[in-house]
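In what comes next, chain A is part of two complexes: it sits with chain B in the first one and with chain C in the second one.
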Partner chain A sequence: MRTRLIAATAAAFAAVATLPLMAQQPKTAADGIAEYRKMLEDGNPAELFEAKGEELWKTARGPKNATLEACDLGLGPGVVKGAWVQLPRYFADTKKVQDLESRLLTCMQTLQGFDAAEIANTPFDRGEQASVTALAAWISSSSRGMKMALPQKHAEEKRFYELGKRAFFFRGGPMDFSCASCHGEDGKRIRMQDLPNLTKNPGDGVGFAAWPAYRVSSGEMWSMQRRLNDCFRQQRFPYPGFGSDVTVALAVYMGVNAKGAESIAPALKR
Partner chain B sequence: MPDPMRIRAQAAGDKTTVRVLMSHEMETGLRKDAAGKTIPAWFIQEVTAQLNGKPVFAAEWGPSVSKNPFLQFVVKGAKAGDKIAITWRDNKGETRTDEATVS
Partner chain C sequence: MKIRHLTALALLCVGTAHAQSAKQLDQQADAMMKASFREQGIAKMDRVEQDAAQKACSAAKPPPATVAKKIEAQQLAAIKWPSDGQFIGDWKEGEKLAQNGRGMTWTDASATPGKNGAMCYNCHQIDKKEISFGSIGPSLWNYGKLRGVTDPADPAQAAIVKYTWGKLWNSKAYAACSEMPRFGHAELLTEAQIRDLMALLLDPKSPVNQ
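Moving on to the complex of A and B:
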């Protein structure tokens, strides 16, 4: 009994002795960023956009002076909760695989009478583009905590997955880059940021499951479309059209790979 | 009309933590637009808080505060059901007040 007690005390001493040593270990860049995100978590300005998006959804607007409450995001007209984690998907009425933003354009055109092509050509953050972003923030927030579950039943959805995969591995541009150059293996970084491996499920709230997001550095709300737009820029590719097939296909590829990952959108980014 | 704030006020014991998100551009006046023209300064200068109509907090802000700022402070003596009102005024004279109930 006595020896056991001594042994236990010795073990406790050892634990105490190692503690200060562990505290001295240098923080990695990733730890620092995680800490920073934690501090900001409480006041994610994405909330401001969520509030705006909800109001936009319920307000009668556009040439037809209608709300978006009859908009079908895939789970039936007006169903918002859970819609985000199942997008992009095939829509029978447009006969197309659509992501959230392109689907919103369809609804804004058919229900409210806006010109979808005109909105698609509007620069980000301006006019009705800003409305689309706010709507995306609110709609994605309604699926917060749910798991990504993109449907892959329809032949078109499967075709888009394969198309997205090709686009993901397609190398080109002056730097001979593909998406996979940066996002094709674990543990890669750009500057101090860890890059998720998007060829598989990168985990809860990482990669596809973290967008739309508010970017603190620029003070802007970004939807997945804008995120992809910037990926194309970084590859020195020409900008893709807003809601174009290649952007939707890439979203299908990333979204299907992220199956089961918990969505934290709208997230907060550096 | 400026966009609404998001205010949360949570009581724990005799202390209430108030969290406020304000929607504001917070232009410093030092940035230039794509055409090279200076973007005029536009930022919140004054933030005040009232608990049931009684002033409990006042702050003077400048252009170094971030866009869409977040403010958190602790108030003593607030109870659940009390009203917390936040007001800001910017350098253009624009102002916005929003109210939340302590929970």
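Moving on to the complex of A and C:
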């Protein structure tokens, strides 16, 4: 059943993808896209990753042959529900503001004995990077329907918000783009793609409250780290380190701005 | 008297401490931008070294008018006008370039000008037949027609032709914090490619001006 839904979704996407750009009848194209979006609502392949993530959390793995069930995602060891909508946050044990993915690396190293730096340097979707993505899918799904509520009490959390804001407006690269070039105003589009204004709360299930997400166009599950990585690629910037300060600071900036927005992660995207 | 003095001093200190902390955060953010990235393919680390124009336009608020004017004057002075005096190329090639959104990412093979698209439709409506267009920039439908361009070679119409070249070459010459890339200045496109885009916008035969 699930497989059939995914196949239907993929077919619907393929149909839209092959629509001629110079369409003779604009209405038909718009209708096609609306139809496709509706079909997407029926089945989200992210569920497969959620199931894998839950299994990974509860399975003894790594050099220490341990589960992740004692991992503290901010609400206490083993508490998963509600953790996602309060990340990134400051962690006293690492003395760092961490997002979900960088926190998972900490837990995989301390509890399971994996090498966090090695995982951070592994390309997306390979080896333990794929585990991190699946874990992020499951953990975020455990906060589905909850409102974004990143803490801003600790001085480091406030500092990271300020650094994230500066990174958001930082112009560079051969095209002079910053995050704000695309995401600084309401109601803008790149081609047909709507762009959320991330300098404020863009609304329930939009922007930061939608990732991780399954991307139909690439057939991949993307964590927020992956989303930011591809934003920087399109911004024509160099390559951001996985879990690097700029990625965490931007997540704090967007997450705090989205305060009160309902999380739909893992969402389904184009 | 003394108390008033102290109060004034205390207020001064608070003000200074606040200003310093904003400055410190600026410095920390700059250091973070350098430390968080690494080069990948054609995307080298010089891409996070800002020039004066990028730096002045990197905050939520635009820079003061005096700063903006100075940037615009500098960028205007750096524009290269067509070497052979020829401003107009082939609108058909211009349309292909306008459609092409590729180039300059770390997954692209070459950073050579001429290998890139002009990505115009990403942000602008241009030919109305193309319904997949972005909205970050203004509509360019009827660009030449609306500006009364009937013959781009007519000296009486030279001002708008020259401005359009300048805008494509270096948008920051006319608006310091324009969101548009500096296609000539940043060596994203060649002179010949910019001529073709000029034709798409200004040639009376271009579909844009029907």
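Note that in this section the second predicted complex is superposed on the first by the 235 of 270 C-alpha atoms of A that agree within 3 Å, B and C clash if a C-alpha of one lies under 4 Å from a C-alpha of the other, contacts with A are read in each partner's own complex, and residues count from 1 in each chain.
Definition applied: contacts are C-beta pairs under 8 Å (C-beta built on N, C-alpha and C of every residue); 3 or more make two chains touch, one makes a residue touch a chain.
Being a predicted model, the structure only gives us computed values, none of them experimental.
Undergrad: Once chain A of both complexes is superposed, is A:P238 in touch with chain B (first), chain C (second), both, or neither?
TA: Touch status of A:P238: second partner only.
Undergrad: Considering only the touch criterion stated at the top, classify A:C182 as touching first (chain B), second (chain C), both, or neither.
TA: A:C182 sits against chain C, while chain B stays out of touch.
Undergrad: Classify the contacts of A:A51 with the two partner chains as first (chain B alone), second (chain C alone), both, or neither.
TA: In the superposition, A:A51 contacts chain B only.
Undergrad: Looking at A:K165 after the superposition, I want to know if it touches chain B, chain C, both of them or none. Which is it: first, second, both, neither?
TA: A:K165: touches chain C, not chain B.
Undergrad: Counting only touches as set out at the top, which of chain B and chain C does A:K81 meet: first, second, both, neither?
TA: Neither partner.
Undergrad: Residues of chain A touched by chain B versus by chain C: which partner has the larger set?
TA: C
Undergrad: Across the two complexes, what residues of chain A are contacted by chain B and by chain C?
TA: none
Undergrad: Which of the residues in chain C come into contact with chain A in the complex?
TA: 25-26, 28-29, 32-33, 35-40, 43-45, 47-50, 53-55, 57-60, 99, 101, 104-107, 111, 121-123, 129-136, 172, 179, 181-182, 186-188
Undergrad: Please output the residues of chain A touching chain C within their complex, sorted ascending.
TA: Contact set of chain A toward chain C: 21-23, 26, 29, 159, 162-163, 165-167, 169-178, 180-182, 187-193, 195, 199, 232-234, 236-241, 244-247, 249.
Undergrad: If you look only at chain B, which of its residues touch chain A in the complex?
TA: Interface residues on chain B, with respect to chain A: 3-4, 6, 19, 21, 23, 26, 66-68, 70, 72.
Undergrad: Write out the stretch or stretches of chain A touching chain B in their complex.
TA: For chain A paired with chain B, touching residues are 40, 42-45, 47-48, 51-52, 214, 216, 219.
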